[in-house]
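Below you'll find the structures, each written out as structure tokens.
Same chain, two partners: subunit A is paired with subunit B first, then with subunit C.
Up next, the complex of A and B:
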């Protein structure tokens, strides 16, 4: 049985590892599961804020010549809706799952750098607050989420709105980079004995790929934003055309980051779906190797297609052709994934719990987003669709129909592992159907609005263009989505009013996180498991189905003395009986605070920058000199 | 119970969406002045041909893949073929992987060929064609005819309405005076950006006499949504008449000023009784009686000239851009604006 791992012979007393209580314990926590919970609540909060921004946008566009909000407010709303959903909702929601699941799924006690992990969260939170501070001044960022130069220059955006965006994005980039390095090292170095690369759960593979993407893509954004900072604060001329600066340089730097960013947003959801579909089909993932390498292929191609966002800037026929072909090629690995997901369901014994419904929603909606993507891979077609509502429809099919459905599948699937409580299935199904209907009512007509010539980012439109009906329809759809999200909130809140009591393995899962308690103890596993398969728990629970089957991924034969345990997915690992857990620490918070003050100085007064630098140095010093591991009775 | 509901729901949803869309699509350009699939010229035709090809291939792929997914949902919802209580643990199938990689690859090749041809066709530059220079400004368009002499001896330059002769290939050169804009007349051609410090090219052709609506498609600041324009395709005769009228500017500076207000200022400002009906900037109906200009300057002629010359230099952060007005244009505007005493149309 799975519980064997946690209940087998007592080696050390584990009572000293109980979770501490109180706000201070959350401020100083370095536990990956608690940091995951912090990411989850923060990102859901910003998901709601971004959603409210979307509803205000839809209210303004519900009728022609509407004056619900002013042009300036509208421009701030769509800029912050995009920025919030990308950087403050979908990315950190994915990070919540990385944090909870990476150590659990690979059989580790924590991430490689627990304090760096805490640091990543605090920097993210402070960056998120910084970028939203503009609302208090009535001057939130208003140049679009990709902030095209030279509209962002101090000449054309003299107000402070763009400053908040520049500083906030810079800070958020630091958080993402620190986090990505952490998960790279964790996944490469800290897998349980026996877990070869090709035995990792697909979610871990997708996390690894996302980490590589972040490490390679974010520096381009950092460089671009730094140049913009210099243009705005120190009067350099990188993007100023009057001085032979190049506004197009910004577009290249931004999309070299921005296109891989799209895959940073979708691959975690693909990983989640690749875990959920097998569980509820009672069948291993079809074409594990193909799905993994398709993920690698998408990531690799993702760096060679950035200029398809720039087909209308006049690059010339040769670059347009090259980037067009490269873009079309991405359809191949994406298709492979979709076909293998359907192959996983094929011949299975399907059970339609909420995580499964959300995953099927993901697959069916993502197909539509993929097909419209192929349309604007063709530059002539793109010249009609670019910057129109057709593109708005396309990327919402990918990022909402894709990422958000996938992330909700993950929320329902792993909620018991986060909190020891199950979400209500009835409410979950209600949310799914409302969300599916609301989503399609909102975004499908946008294809048509784009085809009949409605550009994006317009705060109003005239009568007589025949856009009235579908805009109103779309606005109503947006409120159906809002209703679905309300159902989710009710579900989430009411789950906390019930006693804990979720089973350790409520869905009959195949991966290691279901081998420990719900929620797991701080040390995750009493004994580090040994893994002989990429579906270790199923091999253990159903030896008669999976145990004797030759595993084509089993490249190396196990050592002779372990031969008799091969048929079990997990066995006790006898070599490491001591549990080492990292100390709680407030230094990550101090260092993050130093960064916040330092960057805030660019907006308010440079005095703050110097104070921030001082705090930063003190923090780094304290961090460096602090012992990472203490005596067991000092833990937490 | 659940077994039957989703099918009907899906069909119902599809019908709800598709019927009105197909109906509006059939209505064509009558109702949709900015339709991309109701082409009225060779460039837009070229694009619609490629779009239709991809659209129909996409429909086939959509039906097959979603069909397979829905089939799997219903076929395997209560699978009876179980071994030891579990479905057969199939790990994959290499032949299938190859098939479902190759078929999409072939489809993409079918799309790629006309795409590359289309890129080449649309990128052609014809120096013998009718030449127009399009200039993007916050938040209006200027159209300059390099081969037609205007009233002041310089090339003829107009705003808001681009007149072209029908059935004539028009070679367009795109530049911008401030930030990035995008020139888009959906029924005539795809969009091309107007980028400061760069020169871009595109061509279009109108096969019927008429007015084609266009709009800036790249977010360019506060009043981006109002940066609309029209392309008017005239018979050669009408076009020549229009040129002759345009070459003679009104000798009365007040009348000239009114023309500028109705074409350039109209995007943002309101003057009762004129076609200037913008609501971004302050209303100008009673401008002559205002105490101040933009809330910072005393309202006198000297200050008004300084303001019109370069608003951000007078009031940093103002939403009003530098319009690059000539001295003659400023003279006309000053003359006209001081006639606005709230009594209405001039």
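Up next, the complex of A and C:
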């Protein structure tokens, strides 16, 4: 559609808003959809890297006394596998969906701070590169993803491996914080007229909650890592036992961040599933309010359970009991959500497309992971399971069985919206079944291995401990997962060889993003929609079922020749006719580069830090003085 | 939050190309509040690290009786007064009185600089008395906590002087854009409040 008719009747060219082309346009883009695409492909790349690390781990453990990799390399592999999957795959994959969907779902043209959004992406990319630089140097981080003090002190980690982790995590934290401020403000402040809080899609609610969690939890990590940096570079004594320093302080600071982080990883997937299940059940979400408040409850409780990661460090019976009870309480809101998802499907007109299968996979696998979580909420049980493969099984059931299945549901569901092409259903179903079988074959036996005593993080084991068979089985399972991911890659790549032509609303969705074209125009909505319900499109499409209220479009008589989903007809109360889109800008890239140099200086040479600070300084002023929007920003 | 479809949104200020927001609050102001919430957790964690560390010094100097309370009281007073100046600067720009704005914004920045000077003097003194970053846990946690606060003040001072100089270029800092000053003010007051807490926790309670 090159031209569109506005309410006022004049024909405006949409050519002026066509997506610009070329590398430079991607480096300077502030469009939330493009930034979302960048997040999506970067995080999928790191998902593959983290997956390869996992396969190497499994090859080493396939048989007893194996010497496929050295103990040292093994340490680097499991550290980087955890770090990569958490910070470089699942979090940014969720961020990809925040970027792609939040403005569309709330009926906005972009996020509140488009340049800050670009900045978040570049900082994420640079942090990801920094943390992986260790591989080139031959010493990747090797102290585990939670980098326990004082294993990370200069005394026990003299090499540069931990430096890469410290600096990389610090930079990634800044990226997460910047993006959280942005989405918090966007969701609170940029909603379309009529979209009250309780009319927001559940995915938006979960995004809001995750943003709050990031804002409140990441500073603890920032402080913890800062103290560690100071210990390593400036000889402070925070975690040095000989000087009365307390390694336990690290554990508290880390898990005050680390447990909310678990919900930062799972809530976006819960949001996705809460969008997918209703669509493929042809029923609105069962108990919308309960699902929303259960999410809020999980987040609130999430701040009072961190020490359940530390039951075995000797905090004493009172703290152990308090944290144990708080942890068990989390089962309540989580259970509410699960019952609501089942209630959504109950009696629905179910259609088992790939997004639906992935979502059902999410719910069922997450139940298993949730149940084992309740088991080690009990300190005596936890003392048996701590640091064993049982724990590895548990968190993979929530992070892979939960987050990854949920995120794949989202990928299959929204792929046509952003790329204009549907993914192949046959390949999608093949991927789902392979992934479900491979996932369970890999991780279910780990429960058993843990219970019969196999500790985590050992690079090899002796024969005759009864661990051989299930380790081999698990390794085979891991390769089945790899096969499933290969099927996904084939599916994704071959989708780009097809002509664009996905319908605007292929799944008969209920939320605003399906009212835009596929892919959406840079400005998303020609007219800002007006919303009267939390299922605005269904109210419009099925007035006989969902009431007779005129819905999010005020229906100012669309021309007959226009297709159903044309983007106009809304009473234009206070918006003027111009669409103001933010300017492309290279300043976010410059500021991010300054941060990269500044932090890289801690590893290489402090000269770099000063150069970085100078670049940062120039970048911040360039950013502040540059007008954000298209027209000259003058008053007088 | 009722449907804001029918309710009157705040009129769009002429030539400011912002869409009306759902809450009526400016997005940048809201973002600053979110940042301050986050910074609360940042300083909360740092203060906690100080509280659990400072009394575990393995070698002297120990925190008891170490501080020069009258000196730091004066610099704390200076920082508090800078908040008053900040309020006056904001009121100046909101009334379009550029002269008042400039006088008070510079005063705020200068008071901030005096505070920083006091901190540098204090750090130097403590260093002469044998307290370094790597001397003991008291030194490590004291310098880290107060140093990060000082870094916040430094950023604030740069920001205040930037506003001062920007006010000579008409479009940047004007009556209509008083919000730019108000947001800097939020940050500045926050940094002051944090100092009240640090002053009480680190200096006064220790002295008692």
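In this section, the second predicted complex is superposed on the first by the 588 of 636 C-alpha atoms of A that agree within 3 Å, B and C clash if a C-alpha of one lies under 4 Å from a C-alpha of the other, contacts with A are read in each partner's own complex, and residues count from 1 in each chain.
Please note the rule applied: a residue touches a chain if its C-beta (ideal position, glycine included) is under 8 Å from a C-beta of that chain, and two chains touch if they have at least 3 such contacts.
As the structure is a prediction and not an experimental result, all values here were calculated from the model.
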item: Touched partner set for A:177, first subunit B, second subunit C, both or neither; value: second
item: Partner chain(s) touched by A:514 [first = subunit B, second = subunit C, both, neither]; value: neither
item: Which of subunit B and subunit C A:244 touches, first, second, both or neither; value: both
item: Subunit B versus subunit C as contact partner of A:418, first or second or both or neither; value: neither
item: Which superposed partner A:254 touches (first subunit B, second subunit C, both, neither); value: neither
item: Which superposed partner A:339 touches (first subunit B, second subunit C, both, neither); value: first
item: Dominant toucher of subunit A (residue count), subunit B or subunit C; value: B
item: Subunit B versus subunit C as contact partner of A:185, first or second or both or neither; value: second
item: Partner chain(s) touched by A:193 [first = subunit B, second = subunit C, both, neither]; value: second
item: Partner chain in contact with A:144 - subunit B first, subunit C second, else both or neither; value: first
item: Residues on subunit A lying within both footprints (that of subunit B and that of subunit C); value: 242, 244-246
item: Touching residues (chain side subunit C, partner subunit A) in the complex; value: 1-5, 9, 12, 14-17, 19-23, 25, 27-28, 30-31, 34-35, 37-39, 41-42, 44-46, 49, 52-53, 56-58, 133-134, 136-137, 139-141, 144, 162, 170-172, 174, 176-177
item: Complex contacts: residues of subunit A adjacent to subunit C; value: 109, 112-113, 177, 180-182, 184-186, 188-191, 193-197, 215-220, 222-224, 226-227, 230, 234-238, 242-246, 249, 253, 256, 528, 530, 532, 573-575, 580, 621, 624-625, 629-631, 633-636
item: Residue ranges of subunit A touching subunit B (in the complex, touch as defined); value: 67, 71-72, 75, 143-144, 148, 150-151, 155-156, 158-159, 241-242, 244-248, 281-284, 286-290, 312-314, 316-317, 320-321, 324-325, 328-329, 331-332, 335-336, 338-340, 342-343, 345-350, 352, 360, 363-364, 367-368, 371-372, 374-375, 377-388, 433, 437, 440, 444-445, 448, 450-462, 464-466, 469, 542, 544-546, 549, 552
item: For the subunit B and subunit A complex, residues of the former touching the latter; value: 2, 9, 13, 17, 20-21, 24-25, 31-37, 44, 46-47, 50-51, 54-55, 58, 61-62, 65-66, 68-69, 72-73, 76-79, 81-93, 96-97, 100-101, 104-105, 108, 111-112, 115-116, 118-120, 122-123, 138, 174, 178-180, 182, 184, 186, 189-193, 195-198, 200-201, 213, 215-226, 228, 279-280, 312, 316-319, 321
